[in-house]
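Look at the two complexes coming up: chain A is in both, with chain B in one and chain C in the other.
So, the complex of A and B:
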């Protein structure tokens, strides 16, 4: 293997969004340092400006089909990477806006908060481009680094400290697994770049190596049985950080998972399909059942997030082009619904100072707008038409049934019903229960903007999904060789759903 | 109007709901006006649809098709045949009537109308969907508004409200409370309804996905699937795939119908719901089940339908008898009507199971007729509840002095529900009975006994509500005097009686949808299907005419050897 690290100016163009954001990070830090009297809201708007510029740059790349690889294939810029980068930057913009009110709670380091958020976003953008195992390790740790600090940001809050510690220990453990897995894989194949591994023989060392890598990424996405940090961390972390943590790293990790499973391990599909089916069934079923018992909205959303990840894994298990389309589409639907739901949580907790579901009683009378928004977001997460989540679930199921994953689809469908129960319990609390306190719940304008974006996205994707389907389909053209079996052939029925 | 009629019917309530979002809750009249206006547009368009539908031409008319997603093979494909048209009309009428029935709702009026309009529009959407995806889409969409309508504006049962002593409160919170039948809270009813229907809906979705996969056509379009899908003779799990799909579809949709063992959500839901919601719920929502079975299972899997439909004939007996007896002993006005609905839906299943031209047409007309009759009854039960704040039958009585109009209408409603000649229910019942007699004599006997049972419980309820001594605490209750209150009842009565006297167009429309379907399923062609236009005789005469005895035409005789109808 030789690393060719000479880069030309044209190559640097591929890095333009990341370079832009890096420069902006420095600007943020300098402005915060140079103008200590500047209200921190201005800093938030400043970071939004930088993020929007990055988003524009990414969109321009996407429209002009700019692609290529850098650093001896370590860094790849293709349409899927662009999709995930836009996904991450978009999520970051919404999170920054949703944080503005919350940041005032912090005693110290209000300015650094935005710096850390944007820095994590930068790390995740690199993750979306990671094309070999080394860059996976480096970018994963880079992005997680910011989160370790962010999760423990409420210094005087024990829950936040506990969340930070838990996240840190398990995160470092996962990093250890990842490094070990990478070393095993490298030892077996002598390769690090995904596309070069495709022809490697299936030796036990390679399998164990990939199993360890999957475990590390499983921690990242929070799939059962690697989920144990999720509820406590989501519960303890500042709510905007929870919102960020619940969506952006998932997208970035799925970019890596897609590259690993669909490129590096494409030939081993008969082996890993059982792993994914098992993890998916466990994630959906366990999380949905445990979510029923939750009394705290953040914990409920944490478990619901685990279940959603189980759904996304169905698409990964399908292992086809359509499966990858469905994953991207589902994540898009999940982005709007989840960030929207957490934003409502932020707004409510700001007004009533509680995250307990019980305290949402009669929210419909106190703030019809917030209650309605929460209703739409929860129903979208539950998969009720005509909302985005329904189309996402259907897309995943259609992709999976074409591969004959009957068991998985059956479990997924049953889980829709189970999940409906706990989402509706929240709806019941908001709409049917009478409020204890009738004072109206107000909402600041940045939060309102985020809720509007969430509502618009959820409804638009649900009612008119065609442009979004076209977009995700174009983003995963690299997987078209994994096309589903042609429609004319009726595939044989496997003995059982696996 | 014209070709876009279906879009007006479907999107007028949606547009009304959307407009209501921007109206303040305090402007009562504006809120009601928008709701009534959008429902009126939908009603007029569906009336136009009903009379502009050409029964001679038959087939799917007013078809609209917009591509929605080419990757998934979904298009917004709308169209109605003779089966969908009367049901669309029934939905339009009940929505319009329901707006006026709920005229006096004071609590969160705007939201009530928003959810009611979405509920009705989604229901209408199912009746005109020619795409499996959209059929499911609208079906599932109609379930969620029910949760909010029941939960927010519904009412608890008497027993639940009585549990105010500490012991009772403790019981209310206990886990085992859900098994304490008869003492249901509205939250319980709403949650049960949604989970029950969703659980069975996903079974139907599994069936739909299997059709999608094994047809291999990459489309959800029913018209394409019924022509080209070949789902027969694929062995799976010791049986054949078409049977599995059929069972998933049938039981998935039969839950909302509701067929006997799957009915338990329905009376509870009816009882908890506010009047207008019960009307739509019993009037049209339950018909989504029968309709979807006809549209999906009958159209796409005709041969399997012929093979497995006798199952429904067995279950429908239990529906009829069980529902009837529970209704007879129920003490709650809405439970009586709710169980009577679930009993009457057994007749529709009987009509469907017989797979006969007359009986299936009767079943479709019965759906329409039942929508009017049960709509009336629920509207009046709702009025009585609003006036007396109780649904407990023994504590009521003598209300006819206070509300002569309601009491008079109630008699008409009972007559219609029983199937008195002169109402459209009579025609439907007689068609089902006559059509099914050759094939299922036992079930027909049960059905006739069921009619007797219907008379018994409805007249019993009527007597204890409106006659006999009146409790003084109800002396302040008053009659429906204003036009707004009388309008919905008068509309439903006139529709019921009007079609009872002039059923010909309704019958022709329904037959134009039923004929090709039954011909496809049984391979038996009705005799004299051409002479229909010449005759002007009433429906009663027709039901007894030789039409009921279809004979096999020579050119299809080869196929009839395995048509179960000729086996009888």
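So, the complex of A and C:
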């Protein structure tokens, strides 16, 4: 393998968003050290400025169709990578805003918090562009590195420490699996770049290698049976970090999963489809059933997140262009509802100091706005029309029905009913139960802004989804060839004769 | 002339969203009387708009009138398509009418969180209207699902029974379970359209539009699969025996207003008539489907009537009599002939007056005795003659006495059932006999005979507001009973088109432009 490491200025342009953010990271660190008396809120706003500039840069790339590859195909910038980068940066902006109030709880290192959040975002932006197995490994570890620290940030809190330790040990274990899988795949094929693997013969070593890689990514997205770290980590971590963890790394991991399954392994679809169907069914069913028993809102959202990932995997199992569109769309809908829900949790926990669902009793009386926002977010997660989650679920199901995945769809639909049950329990607690304490719950303006963005996104994507659909369809044009052949493999409906 | 007057003005959209906007406006008011007055105003304006549509509606026509069509999500073939025909237009009027009555009824019976109650009620009106006027299956599904949210709150927050929390959750989960199956059916229809479209290289790739889906042939085995999937959705909602267990709970535990809407508007059976039968004519005609569904209907007639006979609680009686009536409707629908379909449609409308009316009566009784249990009644006719009189009029309509609206509908259904298979009709007739038995027996025990121990001496007869409700219902009952032809004329065209579609193997579309037919 030859690596051509001469980089021209035009090549560097492709890296502009990442370079911009890296410079901004240095600025953040310097400002934090140089002006120790600066209120940390200013640092948060400074991070947001950098992230918004990066987002603008990404949007400019997207509008001008800038694309290309770097470093011997290790790094690819296409419209799908741009979609996921914007997704990650958008999520990071919301998380930074949602953190501002929470950060005051930290005893030390309040300034470094923002640095770590933005650094993780940078790692995930690289993940979205990873185009071979080595860059998958490097970028994955890079992005996880920041999270290891962030999860354990409440250092006087035992739960946070435990969460950090669990996350770290299982994360390292996953990294080991990933490295082993990569070595097996490289040993079998002699290739690292995804697109070059497409023609490789299906040897047992290759299959085991990809299985290990899938397991490692399964840890990232938190699919059953790789989910065991999720509930405790989500529960113990600082809530803004949980919100971040519940959405951004999943998006980045799906960028990699899409490239692996739709590019490198496209020809092996009859083999992997069973794997994905199985994992999807397990994730949805297990998480939804366990979620019913949860008493803590963060744990409930953790399990609901696992179930949502099960839904996204339906789109991956469909294995078509439409499936990939649906995945991107679903993640977008999930982003707004999920960050919104966690922001409400942050606001409530700030006011009443608890994350227990029973302490949400009568939230409607104490803060009609927060209760209404939570209602909308939960209903969107449950897939009630006309909210974003409904269109997302519909999109995924239509894509899967087209491929004839009836079993998967049936399980998915039954799971919608189960999930409605526990979402309704929260709704009931907020609206029906009598509040213990009638004092109003106040909410700071950055948090309010995030909730408004979440509401706007959830409602807009639900009521007028066409522009978003156009966007995701354009982002996955690279998979257009997948539509025709796979439809022939499993014809869902006998075609009409004559 | 008419086209010019109505073309371009989106009257159905106005009808659809006026209550929702109204609900948002109510949010601004704080004073309870102000909230009540505004809610009533909105409901009355809505009723006026609906009457306008009914008056402007061209009878004896199968066409979709007042249609509005905007593309909503072209990528998935979802459009915002509204329209009414002879099947749905009467429901629009009925929904507006019942909502006005519920607002009037709730005027002094709802005492806490009046604002939220009225908002839920108006939101419920929008979603119900949406179900009736949507011509796009996803749009229809949106309203179908959204209906659950105000209903959930209505049952849970203002229900009278101790088990209302359980009832609300059961109602939502049961309906949701049915509708997720229906969603698969809808998606399959879309995929079928997609395959047909790609075979014929039409521009439209996906479609959820009822009128477009009607133009596309569907293979018979596919039709049967889709039929059963959609059946689940409608059967749970209707509810058809044996999917009915949520209904008695919801009707007995929920507030009267909710019960009126739930029992008065037959959404599930409307779904059969609007979507299942026209979209899947071959499946609806197939021997197995007809036999299974009609047998379920007959079971419902007998089971509901027998259960109603032994209910000590008046609301329980009404719940089971609703199940029995729904059995009639299902039998009439799946007799699949002109009389059966027309009778079922008319009966759906009739029950909107009679069953809903009896729920109002139950509400009147409840506000006097704080219960609807038989033990609290007895010989009340002497003290409350007006109440007893309207109770009798509406009750007789519900059991189908000649001269009331119930007779016309039930008679047509029985005629259709006998025409289809003699034993359909023979068993259904039993239901009529039981129906008379359970109502008259209950009436006798509650209103006539010796005065019950628990009956208060100071019980007052109907108040003005209650008289308004009872009189307007009685007027409608006698109008349809004695002079049904305006209503039948509105239905005729669409029912005839439906029968034609069933009887011909061609895919003659119901009110659809004749494109893409035959291939």
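Here is the rule we use: the second predicted complex is superposed on the first by the 484 of 498 C-alpha atoms of A that agree within 3 Å, B and C clash if a C-alpha of one lies under 4 Å from a C-alpha of the other, contacts with A are read in each partner's own complex, and residues count from 1 in each chain.
The rule we apply is simple: a residue touches a chain if its C-beta (ideal position, glycine included) is under 8 Å from a C-beta of that chain, and two chains touch if they have at least 3 such contacts.
Computed from a predicted structure; not experimentally measured.
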If chain A is used to align the two complexes, do chain B and chain C fit next to each other or clash?
-> clash
Please indicate which partner A:394 is in contact with in the superposed arrangement: first for chain B, second for chain C, both, or neither.
-> both
Of the partners chain B and chain C, which touch A:438 in the superposed model: first, second, both, neither?
-> neither
Which of chain B and chain C A:10 touches, first, second, both or neither | neither
In the superposed arrangement, does A:63 touch chain B (first), chain C (second), both or neither?
-> neither
Residues on chain A touched by both chain B and chain C 379, 384-386, 390, 394-395, 397-398, 401-402, 409-410, 413-414, 416-417, 420-421, 424, 428, 431-432, 465-466, 469, 473, 493
Where on chain C is chain A touching in the complex?
-> 72-76, 138, 141-142, 145-146, 148-149, 152-153, 156-157, 165, 169, 172-173, 176-177, 180-181, 183-184, 187-188, 190-192, 194-196, 199, 217, 219, 221-222, 519
Contact footprint of chain B on chain A as seen in their complex = 322, 325, 364, 368, 379, 384-386, 390, 394-395, 397-398, 401-402, 404, 409-410, 413-414, 416-417, 420-421, 424, 427-428, 431-432, 465-466, 469, 473, 487-490, 493
Hey, which residues of chain A end up touching chain C in the complex?
-> 379, 384-386, 390-391, 394-395, 397-398, 401-402, 409-410, 413-414, 416-417, 420-421, 424, 428, 431-432, 464-466, 469-470, 473, 492-496, 498
Which residues of chain B touch chain A in the complex?
-> 67-72, 108, 111, 133, 136-138, 140-141, 144, 147-148, 151-152, 186-187, 190-191, 194-195, 198-199, 202-203, 205-206, 209-210, 212-214, 216-218, 234, 236
